[in-house]
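What follows is a set of structures for review.
What follows is a pair of complexes built around chain A, which joins chain B in one and chain C in the other.
== the complex of A and B ==
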């Protein structure tokens, strides 16, 4: 008997994956358009407005560039962890601590920006590594699942930053509410509001992509990620690689926090991460954990987030915007999974 | 000699401020920016106005009150091309994006109803033709002014009522953040209460939010468990009022009349009203006479106490209202000697705090606990 059935492929073809994504976005936009019509809005006018405001103006492009930086770093952080099969859900916390450590340097060490910025960069990197250190050791030596440990530390980091920004470090009698004083050292801007953190982030993504693709270390990490037992059997130092990769993952997120505070926000405050850590997971998933793909998926996410702000100025509530954003991402993830299947005809 | 050519507008502003105190000014305007040139007038049908809010306009509190101001503007200028309004603007770089978006939508005047500070100023500096007003702001530029309310007067009046009503003399306060508006609120409330009961104390719990009904409810419960029999706070919702109703203690609120959530416990509220102010500001922008100023809306001119609650004895309401009348006649209770929580004298005997002193108050007076000064 001949029958049609679904067959799962180990990896989706490029064409199928691309097609599934485009279909998913179109489907999500279609659903959103129906909902908007029901709510009395004109979806075509809104879409035109979003495109015009995002791509048709310097303002919009600058905003994209600014949004891209933290998304790139947190996305890269998660994607790097995934190379060895680690889910770093804690990019949010590492981002906070990176910002916290960089702010400590920027606020309390005197010196010129040329001296302080590199120190802030190192502080951000070390801060991120420090925040993932305990989950790393617990995973490497005690087999504790990193999903839980990294996630829970996010709340500790966020509350710590809230505490110092509204407590001991807050600016007194200044222009800001519940934030520290402005950090004098600032990453210079190279185009409008967009600062040099963007090229730095892109370089890091390229660097990690090259390292993973062409170095022996990268080969061993990817090998260990796909089959740890085989890697161990082949004599690869799997545990050492695991520790290194997790620390690097935390470091990248910490640098993200540093770039955000030294380039965009300039003051340490609660909510500085803006959920970038969690969005980074989505960025990595959309990029299928490819370090190069992270650049594209972070850009896609930046467009979606920016469109959300444009839509809010057009009178949509933030809840509606969040629902549309979620719908696009949800259907994209479904589309990705679907593209792994093909219909075959075979004998039962 | 001062080189007038090289003197910045900013420098002029500062000089103007020194001389401003001696001049007669309209009620509520602390000091206008003398040097700034007004932005060009706009026809009503071409004008675009933007409002950014910290919370949802349905909060029955702070944001709702500002939304009423927007509606008043709409009514006063029905031909306006567009009024943009965004709720839930986060205190993050997203605020910058929102206000930039207003500018690129062609806004001529933008109100930030909950000081986003640098995030707004980033936009202000790059949009010199747009008038910006920041509520609870502190900075002034050629195209940026700020406005706020003299909430310390009605708060003191409610404090007088609390002094009469509290049996234990232990007052409780649900605070958002250790920011000047909260320091000033806790201090003036306790000063009012102490004018009746010199032994009164105020215990504060900070919940790190302006709108978190659950945390406010927990804080209210904890304060009552500690012996407080009068709750006050600076929340955008009625959480601790409901606790007070259930536990049979008094409560005073902020923003609007929300007595229906706790009619027995309700004493009064710091009622705010920005309608006339917004209509006036938009009118000036349209007419081309708007200049950035620093406005603190006075008692009975934008901020006041609410009609007393149903269970407040008449003599208590009258006693508090007598204080209110004295204030309207020009009396201020904020005169030294005032000591801080550590016991050190911060305002010398006989010295009166200015409106700006009150607005930027960032230390706790003796008797307030739980707020680090």
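== the complex of A and C ==
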């Protein structure tokens, strides 16, 4: 008698992993299609609409590019933190503060764009680092779990930005009552509406990937992240690396906020982070914390978000869109696990 | 097979509690078990002895319903059974305590006992579960604290919880996989007492081990497996360690005297290469764990450290490797006092360190074999130049280390946790020996290894000695210490009780030193 059995492999093959992910996306879309049919919609028409609106027009591709930039930066922020075993749930808050600090420079310092933009960049980076400083020190010196501290600071940052955008920094007599005036210094565009923040973000991802793979520092960070006790046994400065990596993680998210302000939105407003910080966690998880993988998973996430926006214009509620997004991520996670198994045929 | 039962204490005519007949199990390319018979009578402690990979675990996985045998039958109380899942085996009274405990760390003892148990009451309050647990603990005479979280318990206590968990499910045959590997000698004695009580109640114990001495001490009969087959079943009273070792590995390899130097071996240096002068150290909780230790090892010499585990061995090895700064006293490497207590600095000065818990503190289990192999040399050429890390050079170095350790690695980028414990230990040993130009601190290097692998490990250490390094060899195994060390220092409650030259060694004296009392010999 021949029996089919499942066998778990210690590590998944690349082909199997990729196949499982594609299958997961298709399956999620299939489930979504069934749900849409039940809701009286035509899934094929909607899919055609989404594809047309996303890839079929310059406008759609530009939107995609603009969504990609913040996702890339927040995803990279979380992935970098994970190298040393830290969950930076606070990319959202660091993004806000990066935007806040960059806006402060852009709004209140006079000067040409060539002078102000670099200053805004530095302000965004420092702002992000500042926002993760307390969680970093608490984790490094008192062992306080960074999950809680970074998460809670998100709310402080969001409310702070909300307050200045609707209060003291509000544009008097402007069109809306909930945003600052337009910041004069702008990152130039290189293709339609897509500005140079995109290549800058990709470059940062490549840079961090190279730094981690080809530097002594990167080796030490990855080792300390995997087993801090063994890293101490080998004499690595574990605490110093922890502090550096957490600050870098905050810095990247802060730069994300700066790029959003100076390249895409041009005004500081409440909700400017648009959940990019939280979506960055998803991006990093999908990329399995690989800095190169972040580029691909951020693009994937951008397509999903963009499709969501299109679907909303077609009368689907945002809750439905969110559910489909969640389904894709959930099934991808399942697929990742499933790709560890193979079916073997054995005699009983 | 026919004359086995006459040695049992069960009444004549009683069928064996467990009878395995002609069990075979094949994995792709591997014969895990073939034609294995095993008979365990009620009221018997039956040891299953064999090297790593001899098929002990597979056989027990078949008996507990985790695997299905490819051939042969399982007979419980005289009736043929067919286990299609572990639940069937539990229902038949077969319970197993695995080497790596399967407890939920964040749950209390009472919660763990009741987890996944049919008899757990539907409406279970904390108080009810704890009362039931206390009652079970009393009836089986296994003292546990029902309200304690598992993460707070010592390994010995966790093992008691595991055993109680199995016994609560009415197991009559208790399978223990290497139960003493994680225990202190005192905890092991407690365990043996509990096992004797369990056996005397007419139950059976199957005791898996590769430690010869303890198998002789605890068991009534011994079945030896080799290469997946049963080689012999003997009464423990008829056995001695030498014969068991021979049966186990198929050749006569009882630990030889390794003190004799081959031609061309480096001479013992006049001055010590690594020396402690009046060193005291504190544990994390502020208690003194080493007090006023003065000790030195010369190049080309092996200094054994004997003593019951927990008497300061961990702190001693940490101080010697630069992981722990002494609270007073000095450390001299090659006659120069060390100013900075940094393990990387010690490594650079030529001190290697095989840590006692290799998986927890010597390796990053999730990282690749290459990344783990280069841990001691990543900071210098060829693996890194300036700040640059070169993966290709790292790969070449790990290839070299794996070759020296005779470990066949199919894929150097796979996580090192996929390797067996013995292979991990060999890689760590070779990695440390490469940097140990002056001295090697080896803490329990043969712990968890089988007889064959222990011999290889000890040979490695003797080789390093012959190259001129000084070796501090910490072990609990007196036999191993005596076969290898030139001098033996005895550690007791953080103090050196005395240093004995191996040529006038006196076991009784060492025993006395180890505990200040005659009884300490038992613990050794």
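Please note the rule applied: the second predicted complex is superposed on the first by the 328 of 348 C-alpha atoms of A that agree within 3 Å, B and C clash if a C-alpha of one lies under 4 Å from a C-alpha of the other, contacts with A are read in each partner's own complex, and residues count from 1 in each chain.
The rule is simple: a contact is a pair of C-beta atoms (placed from the backbone, for glycine too) under 8 Å apart; a residue touches a chain by one contact, two chains touch by 3 or more.
If you're wondering where the values come from, they're calculated on a predicted model, not measured in any experiment.
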Overlaying the two complexes on chain A, which is it for chain B and chain C: clash or fit? fit
By residue count, which of the two partners contacts chain A more extensively, chain B or chain C? B
For A:219, using the defined touch cut-off, is the partner it touches chain B, chain C, both, or neither? Pick first, second, both or neither. second
When the two structures are overlaid on chain A, which partner does A:53 contact: first (chain B), second (chain C), both, or neither? first
When the two structures are overlaid on chain A, which partner does A:234 contact: first (chain B), second (chain C), both, or neither? second
Once the structures are superposed on A, label A:317 by its partner contacts, choosing first (chain B), second (chain C), both or neither. first
Just checking: does A:266 make contact with chain B only, chain C only, both, or neither of them? Give me first, second, both or neither. first
Nearest CA pair across chain B and chain C in the overlay: distance in Å? 37
What residues on chain A does chain C touch that chain B touches too? none
Using the touch definition from the top, list the residues of chain C that touch chain A in their complex. 68, 70, 321-323, 342-347, 353, 355, 360-367, 371, 375-376, 378-379, 384, 387-391, 414-415, 418
Taking the complex as given, what residues does chain A use to touch chain C? 10-11, 213-220, 222-223, 226-227, 229-236, 347-348
State the interface residues of chain A toward chain B in the complex, per the touch definition above. 53, 57, 59-60, 63, 66-67, 162, 166-167, 170, 172-179, 182, 193, 260, 264-267, 269-272, 274, 306, 309-310, 312-315, 317-318
So in the complex, which bits of chain B are touching chain A? 50, 56, 84-88, 90-94, 96-98, 100-105, 115, 117-118, 121-122, 136-139, 177-180, 206, 208, 360, 362, 372
